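Each of the next two complexes has subunit A plus one more chain, namely subunit B in the first and subunit C in the second.
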Partner chain A sequence: MSAQRLLAMAFKEALQIWRDPRSLAIALLLPLIQMVLLGYGTSLDIKRVPLCIFDQERSQLSRALAERFVASGWFSAVRDLGSNRAVRDAMDHGTCLAAVTIPVDFSRVFAATGKVSFQTVFDATDANTTNIAIGYAQGVIAQASAEFRTRWAGMNGVSPSPIGTVDYQPRVWFNEGLDSRNFIVPGVVAVILALIGAQLTSLAISREWERGTMEQLISTPVTPLEVMLGKLIPYFLIGAFDAAFCLVTAIFWFQVPFRGDLATLLCATALFTFVVLGIGYMISVWIRSQLGASQVALLLTMTPVTMLSGYTFAIDQMPAPIQAISLLVYARYYVTMLRAVFLKGTGFSDLLLPFGALVLYAGVIAFVAAHAFRKRLA
Partner chain B sequence: MTGLPYVVTAEGLTKRFGDFTAVDRLDLSIAKGEVVGFIGPNGAGKSTTIRMLCGLLHPSAGRASVAGFDVSRQPEMVRAHIGYMSQKFSLYGDLTCRENLRFFAGIYRVPQREFEERSRFVIEMAGLEGREDALVRTLAGGWKQRLALGCAILHRPPVLFLDEPTSGVEPQARRRFWDLIHRMAAEGVTILVSTHYMDEAEYCNRIALIDAGRLAAVGSPSDLRQRDLGGELFELACAPLGAALEAARQLPGVLEASIFADKLHVLLSDGASAGPELHASLERQQITSDIPRRITPSLEDVFVNLVSKPARRESSR
Partner chain C sequence: MLQRLRAMMMKEFLELRRDKWAMFRLIAPLMVQMIIYGYAATFTVNHVTTAVLDLDQSRASRSLISHFEATGRFDIVDVARTQEQVVRDINAGRATLAIVIHAGFARKLDNGQSAPLQVVVDGTNSNTALIALGYANQIVAQFQSEETERAWSVSVGAAPQDIEVSLQERPWFNAGLEDRWFFIPGVIGTLTLVQIVNLTSFAVVREREIGTLEQIMVSPITRVEFILGKTLPFFLIGLVDVALVTTVGILWFHVPFVGSPLTMALGASLFLAAALGMGLLMSTFSRTQQQAFALNFFLINPFFILSGFAFPIASMPTILQFFTLINPLRYFLVVIRAVFLKGVGAAVVFPELMSMAALGIVMLGLSVLRFRKYLD
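And now, the complex of A and B:
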């Protein structure tokens, strides 16, 4: 290994990147676009579920119930309906996700028995969203029924009985506002780095083949390791810049709480950047056209990284074989580390497992990539 | 270094791509400071041979050594001692002349303090003064070729492999390029240069003619011109040329006929009797012609004679 050759290689590659609009766009424009798209576009929060109300009674009490839904903030009343037929139509047209039907004898039954009954209907096309909406509705109803009980007790001159009530007050840790953005955005950083890193280096070797410069390069005494490291140096600097941009955006723009220490974050990021660049480089060694290499890089990173890294879909909820496959998805280790460092403030010592996995990954890739490149034609 | 007097040697060098034999048992030795021209039609195996000698392709059989190193077992040592110019221009078009030079100087580990002097020499040699900072892809063919040569000699290699360095370059630039080659040979650099320009063959100390993967002949230009073609060569002006060529090939006693500029070159088994016969039979076919005149073969005649042999063997079967 010669430092002079390594530097010559790195400097040349940097010049080529600087003069290649395609590389520059991937390096500088893509992170910005993706951070905005994924940071804003990927949210698991469900707020203001559209709700239709068919109030058959229109009494003070029935209105009080309807208002409870809207006042909770989870629902927004889109329409008052006048018939069961209208409820069905509204659900069919997707005007609302939930409909509340309050019967005509609502307040009379309440006055007589202290109990109320009414119907809610949900559109369960999107099962996950509906599940969450049902949860919201149950919360609203539980609160409303406690109030109604007190009101009825007052009307009938008895004190409300506390017997049989469980006082349940959940506390949530690490993401106190239950804001899904805090959970998603660190994962977005990992996804962006994985996509861009592989895209950038996928052009590194294929460009030399495509432009015919490879023949000259391999006729020189440069070693495959010098070619690999020399080419990776400028891309690593770009990757570091992109990572810094994404992390700063996550912390200062999306306001994701950052509780861990910077050193752990930087170590993890540097390691991950090396892995993603190495993967792109390997693809570039195997596929000699720039277009082909960049397509394969996209194909090999996009789906596994978005689906199996735990960035949106919880890995421990997946079937065992898929979980086993996800162990190969390098991004899952970085996603785990990012979330832990950001939200839990976990230190280096508690992250040895994902760190170890990435180190192993980096080692294997460095070995394979350095040996995959042969200084031979055909 | 072994004690061999030759800087480049190939023994039984063979390259097969599947069923196709690109280079077939080639033997060649080149002495220090010699300029050897590698001549043959496209697809004859010139580039494949040069690539094997540079360690870019692994020989299927046989062995070769360059500057004392075995090309299959010590390719890195070979690469450190050679300069190579590939057939297709392969410098970085998106880098300037100076940036290309700096890159190759770094790759060949040219000491920093020597870089300025050597790059100045290359810039001057290639006539690139004032274009040092131009992107290479904007340069014309001749400059590109000379810069490529410059990048290949920056590290002062003892052996140079130049694969059709002058193809697509205008005549004056070609002339200039050959002057450079001879300047380097005078300094003791051993050079193997392939070309398909016959006039360039005359500039070489020795010529290796290759055809269909086999070495057809090796020798100095004058040796080759005196080579026995298996008959006597005659030249005659005639019109129309195409019809004359067809007619001549049909005649008994004519071993070979081909068009050279506005004349016909005909190889006759027995000049004394066949010459007048040829003239008479052409006239009978309404083809106006001179009396055939005996000439000494040019390199091109020798070349045509050598490479057309297999075809003739084929047709006589």
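And now, the complex of A and C:
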């Protein structure tokens, strides 16, 4: 390997990038837009569940119960309904996510037996949101229950309970406010980098084939490894700029707590940038047509990275074979490292496993890409 | 006109057929992705790794812990002896949740005092943490009411009427709260969008770069015929795609399909028209295939994320909610989920269908207009 040839190759590639300002602008500007769109768009927080109320009794007690829902801050009352038919319609149209029906004999039954129940219908199309909403509703009911118990005990002159209450104290660590942004934004950085990387390099070689400049390149004394590294250097600079930008935005704009050390973060990021560029390069060596290369890049990067990296969907909840496949998704290691460094402040020594996996990935890519390139020429 | 259109379409199909990998590339990855992502997309929270520290070692504390075990939602991975051990478990990610019962728990309960129960959760994955805490809350409530009843029966001989307000939850449309039922329709829409926009965004640029665009332009074909001839084959491919992945969703993943196939077909057609319009428009903005590719990559991802596929649109800031209005996938997901799970007719999803139709007309129209400039 000669430094001179390597530099010449890198210079040629940089010139080519420079002469296509539209592509360069896309590579530099779109991460900006993506970071903002995805940073804001990926919230899983369910702040206020839209609620409809069908109060058949309209008594003081039934109103008190209905008010508990709104007062909890977890529900917002969108509409009062007048019939079961209206409940069905509201559900079909998605007007509300939950509908409370309070029966007509609610306070009479309560006075007589102390035991009342009422029905709440949920639109469970989105099972996750429904799960969270049911949790909220149960919280409301637990509170109301305690209140009603005291009320009933007062009415009947007995002690409300013979034993003490369990004082449930949940403590959340690392992400104290359970803010989904802190969980997802580090993953967004990984997704954006993976996309840029593949997009930057996956046409690097197929373009030369399609334009017929490949023969010229081959006729020069440059070696396959020099071609690869030379082509990657300018893209690495672009990728590094994008990465730095995304990380700065995550920390200062979205205010994701950063508790780890910068050196670990930079090492991980540089390694990951090299891997994503390498993947794109490998694809472009394999596939001659630009359309084909783009399809394969899309197939191998965008959806796997979004679905199997663990950035939204927890890998440990997937079936075992899918978990095994996710081991191949390089982004999962970076997502793991980013989250640990950001939220937990984990140091380098506890991240050897994901680091090792990425190093292995980088080695295999370099080997395969150089090898495939040689074969293609033969 | 029909004849020229047919000739144009014939040329497109011939090009597809000549590429012997094309059919394979169009179908195989789609099916594989459908199966993998159908399994991968889940927010289910089961088998939460749990560490337990029981410093009370009483009947009550053991009973509380067995309540956690009995639900099957929590897997006890470590029975700790010290507070430090619990901290280490959570820090190292060995346990997501820790239950800490302090000494004197049972005594305090019996004396009618409040007995603290500490539940520590790793909040890194906020969604898992939130749902796990919800389950823990329910378990504690259950434990409390059982202990109360037990205490009544010891002191009075029989429990008086249990005073409580209870919630009967009825999850409609998805009684088992299977989140796969929510995601599979989403995967169908997403995969179709990615495939179709990718194909169309290259359609015109490729001819231009290879140099065959000039040849077509000297033929008597008109702009509209050219665009229709380019898009109709993709439209047909898209319909086949939707049919294939929907079949996988129904037969493989057993997602119930309670609505009418007709509404589904109508929704899919309008969605495809809008997606094709999007791809073509992107095509007219690119001079080289590389540009088309970059645009494709960068636009598809936001369209995918900001569609309500996984992240509820209602949780987005207002400005982004406006942005989702130009996203055909957003409407298609509403239609496809409604048809699959709710079984509602076209009348209920009429606004969504109309929005997709409008998007399709606007985007296809814009591409025809821009196409003239593009040729100059």
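By our rule, the second predicted complex is superposed on the first by the 348 of 378 C-alpha atoms of A that agree within 3 Å, B and C clash if a C-alpha of one lies under 4 Å from a C-alpha of the other, contacts with A are read in each partner's own complex, and residues count from 1 in each chain.
In the analysis below, a contact is a pair of C-beta atoms (placed from the backbone, for glycine too) under 8 Å apart; a residue touches a chain by one contact, two chains touch by 3 or more.
Keep in mind the model is a prediction, meaning the values are calculated, not measured.
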| item | value |
| --- | --- |
| Overlay on subunit A: subunit C relative to subunit B, clash or fit | fit |
| Contacts of A:R85 with subunit B and subunit C, given as first, second, both or neither | neither |
| Partner, of subunit C and subunit B, that touches more residues belonging to subunit A | C |
| Touched partner set for A:T213, first subunit B, second subunit C, both or neither | first |
| Subunit B versus subunit C as contact partner of A:D20, first or second or both or neither | both |
| Partner chain(s) touched by A:S2 [first = subunit B, second = subunit C, both, neither] | first |
| First, second, both or neither for A:H371, with subunit B first and subunit C second | neither |
| Subunit B versus subunit C as contact partner of A:R259, first or second or both or neither | neither |
| Touched partner set for A:D123, first subunit B, second subunit C, both or neither | second |
| Which superposed partner A:R108 touches (first subunit B, second subunit C, both, neither) | neither |
| Minimum C-alpha spacing, chains overlaid - subunit B and subunit C, in Å | 13 |
| Contact residues common to both interfaces of subunit A (with subunit B and with subunit C) | 20 |
| Of subunit C, residues touching subunit A in the complex | 21, 25, 29, 33, 36-37, 39-47, 64, 90-93, 108-131, 133-138, 140-141, 143-144, 147-148, 151-152, 155-156, 160-175, 177-179, 181-182, 190-191, 194, 198, 202, 206, 209, 287-298, 300-302, 304-306, 310-312, 314-317, 320, 323, 334, 337-338, 341-342, 344, 348 |
| Subunit C contact footprint on subunit A (complex, rising order) | 20, 22-23, 26-27, 30, 33-34, 37-38, 40-47, 50, 65, 91-94, 113-132, 134-139, 141-142, 144-145, 148-149, 152-153, 158, 160-176, 178-180, 182-183, 191, 195, 198-199, 202-203, 207, 210, 290-292, 294-295, 297-299, 302-303, 306-308, 312-314, 316-319, 321-322, 325-326, 339-340, 343-344, 350 |
| Sites on subunit A touched by subunit B in the complex | 2, 4-5, 7-9, 11-12, 15-16, 19-20, 211-223, 375-378 |
| Touching residues (chain side subunit B, partner subunit A) in the complex | 17, 51, 54-58, 75-76, 79-80, 82, 84, 86, 88-95, 99, 102-109, 148, 151 |
